[in-house]
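What follows is a pair of complexes built around chain A, which joins chain B in one and chain C in the other.
Take a look at the complex of A and B:
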């Protein structure tokens, strides 16, 4: 049975969980009706604060996401949690293997949890994730926590959609610190050393603080705090909540929020655009001039970079008619 | 000091390792001259057989890639190895942490090894990887082995560039088998159960074979073999080599090679196109109508999907002038 877009839209706005879950599944399946509902919902978005949690597997992000959600609930806020694992083909309502802890939360009607893998959103996981953020925002969640695995491209893309990005590491993770240094030092608004009851925690905290000292002063002059947590015991989670809150307040006071929103919009727009063009171009290569171009490439008569320029010309010509 | 494209082109064709390494670094840095060299090299590609190795971390793909390379060398063939880790920001000549074993190989002048992380190829790791495949092909390598971590999107994209895709798993990896079932059963030409001296190997082999029974018959009716290996000891690697060789022969005899080549060309073309459009569109949003569109999105006057359509129109109009 199919739901009419208008009907689904109204049910999501009313806070109907099943309607929201249904809409998210439609997004993952690339359903055209879902896009129609998203169009309608867009004017109702922009209220939620979006928190990104990133860091390598094993750093305890899932548990941390869970504790954060519990903390926000205790403060009377409603929460959405999206667990994104681009290395997993699994998706949908089922929680991923090591996310059993999330089930503690799942009984609370004011918490909405969703796992997303790469399967249902081929070629567009970050676009699909952002669509789900928007759905949970329109659905009325005060906070949307997006937890992603690893520090690869997809994760960094997804972080662009967050207002506050928390980078999670743990003691003794030497390589991890190197990775942060090389790649994601710039994207963190708050840094977390989780499992801080382990040996070497002080050292890791000190290392991180030193690295942040040398980080070029970002816009609005925010100095990212480093927070120690033991998520399993719930320790330090309140401090992390306060750090996120301070960052949120800083965004508003410094006028940075407008810039952040603009960045989010650009990332969203470019993601959708990429998907559109890929689909269009993919179709173009199946017929006529496009097909001929692929044949010439295979026979080494034209190199791929020149061929790509030809496809652009061809698409333009076709669009012009 | 910069190298002239023509000079670099000639040195790569002559088998100058330093020139090849230099060109690869230029590719990773998005150097415009690199594209010029790639254009020139394109007519000299198409000779190498490209073998993809994919599977989760821990399945021993690195060791397997190393053993395969040693086997090919023993048979008098020249080999290129590309280690792609989209979750690592590291890149360049330095070998990744757990790839010390590769250093055994690195002394052989007929073996060319390169690690690629996400850092140098922002937004275009799969395009950069394919460029490196083409460089090693033109450089004269008989075989190019591309090893990728995990089963996410980037990995699946990179597999599209291979002639023979080997999916590596290990005994008792129940989740792993599930992942293969859900996502990458379709993309494997050869399946490998590595660490086959561990408990449960027979079970894993049997499970895989059963799953492959129910796989819809692919084009050209290739039945993917399942090979047991203990890469650390070099066991079963010769069998894997023969399986890859049989697949290669099958591609030629069945006429499937032409189709495979066409697929590779399409993937290459679409990858480059995506990058081109992203750059173009990114610039468009920084000025005039594009900038205005982002402002309207931020104020919720227009939804992102509609805005993306506007950008396409704008880009077309601008290109038409």
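Take a look at the complex of A and C:
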């Protein structure tokens, strides 16, 4: 059953959850009609505050997302949650279990939760996630939470450009902090030590604070706070909420919001261009000159870097005509 | 276009065991599907709402509590109410053959998979129906 773009657009604006859900599926499947709807919805986007939640597997991101959503709902705000879990690169399948930790949100029509497999294969995860964020934004959600496992580069890429990026860790395994060090220390606007009911929480807090002290100056002089939470019990969650609010206010007051938005737009655009250009290039290699180029590479007549330059020239020339 | 089969596996009602349903979930995942799991003890309304938000092709209901004749028709009724009757509904768990027949004949369930079902039968059934 296909829905006409115009019809979907109107239903989404009217708050039809089924229509929004269908549109998200179309985005995930790379459906061309989805692009048409997104184009129409675009003027309605730009209102939501986007919060990224990333961190080690099992650190309590989903449980925290649930608590945060409850807090914002209590303050009268509507919430969208996007949970990205890894797709198996071998089978293409995924088991998406984040909803299990968000059961308390069920039954509230103002909370929309969507689970996504990272699908990987097409390399278009960040593009798809951005599209889904835009859909939930246009759908009228005041807050959009994006949960990803902070393991892969792509997963980090997605949350990096959220307005407020929260990095979640937990006490225990000594290399936890080490893992954080590799790449995500730089991107956090707020750090969370969840499972603070567990032994070693104080040490993890102290370690984290020390590491942040030596972090190269954050954007706009923002000093990322470290918050201890027990997501299971809801402890510390209001403090986390306040930290997010403070960061959001800081973005506005310092003029950093414009810069963040620009960064996000740039990343979004580059992601789409990546897909478009590699698709075009792929096509070019299947025909005439491109095919010939590959053949010459195989014969060692031209090296890959020079061949790539030839392809770019060819694409530019074709685009100019 | 890279269409992927999405399945929502759910446990309505009060029973507290999800070993079986998780084994099915893993088999479907290994067959390349995206499987979303609800967790235990969900109301029918909430399950149907979640299935709609996740826009799944398949709603898989696992029931061991004996309440299948009350819960499954309620769920399929809600799907119709919400305009989501095109979702394929399958069920599994402890459901006697007579009840299974009624659920399939009168309540919009595509297929019931009884105890001892080979997970590959479920995979094959879904792949065939959603071709």
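By our rule, the second predicted complex is superposed on the first by the 296 of 321 C-alpha atoms of A that agree within 3 Å, B and C clash if a C-alpha of one lies under 4 Å from a C-alpha of the other, contacts with A are read in each partner's own complex, and residues count from 1 in each chain.
The rule is simple: contacts are C-beta pairs under 8 Å (C-beta built on N, C-alpha and C of every residue); 3 or more make two chains touch, one makes a residue touch a chain.
Values in this document were obtained by computation on a predicted structure and should not be read as measured data.
Contacts of A:307 after superposition: chain B is touched, whereas chain C is not reached.
In the superposition on chain A, A:28 makes contact with chain C only, while chain B stays out of contact range.
Of the two partner chains, neither chain B nor chain C is touched by A:200. When the shared chain is aligned, no partner comes close enough to touch A:234: not chain B, not chain C. Put simply, chain A uses residues 87-88, 97, 119, 122 to touch chain B in one complex and chain C in the other. The touching residues of chain B, counted against chain A in their complex, run 35, 38-39, 42-43, 45-46, 56, 86-90, 97, 118-119, 122-123, 125, 150-154, 156, 175, 179, 182-184, 258, 261-262, 265-266, 268-270, 272-274, 276-278, 281-282, 285, 293-295, 297-298, 300, 302-309, 311-312, 316, 319-320.
Taken together, the chain C residues at the contact with chain A in this complex read 1-4, 6, 25-26, 28-39, 42-43, 45-46, 49-50, 52-55, 82-84, 86.
Of all residues in chain A, those touching chain C in their complex are 1, 17-18, 21-22, 24-25, 28-31, 87-88, 91-97, 99-101, 103, 106-107, 109, 112-115, 117, 119, 121-122.
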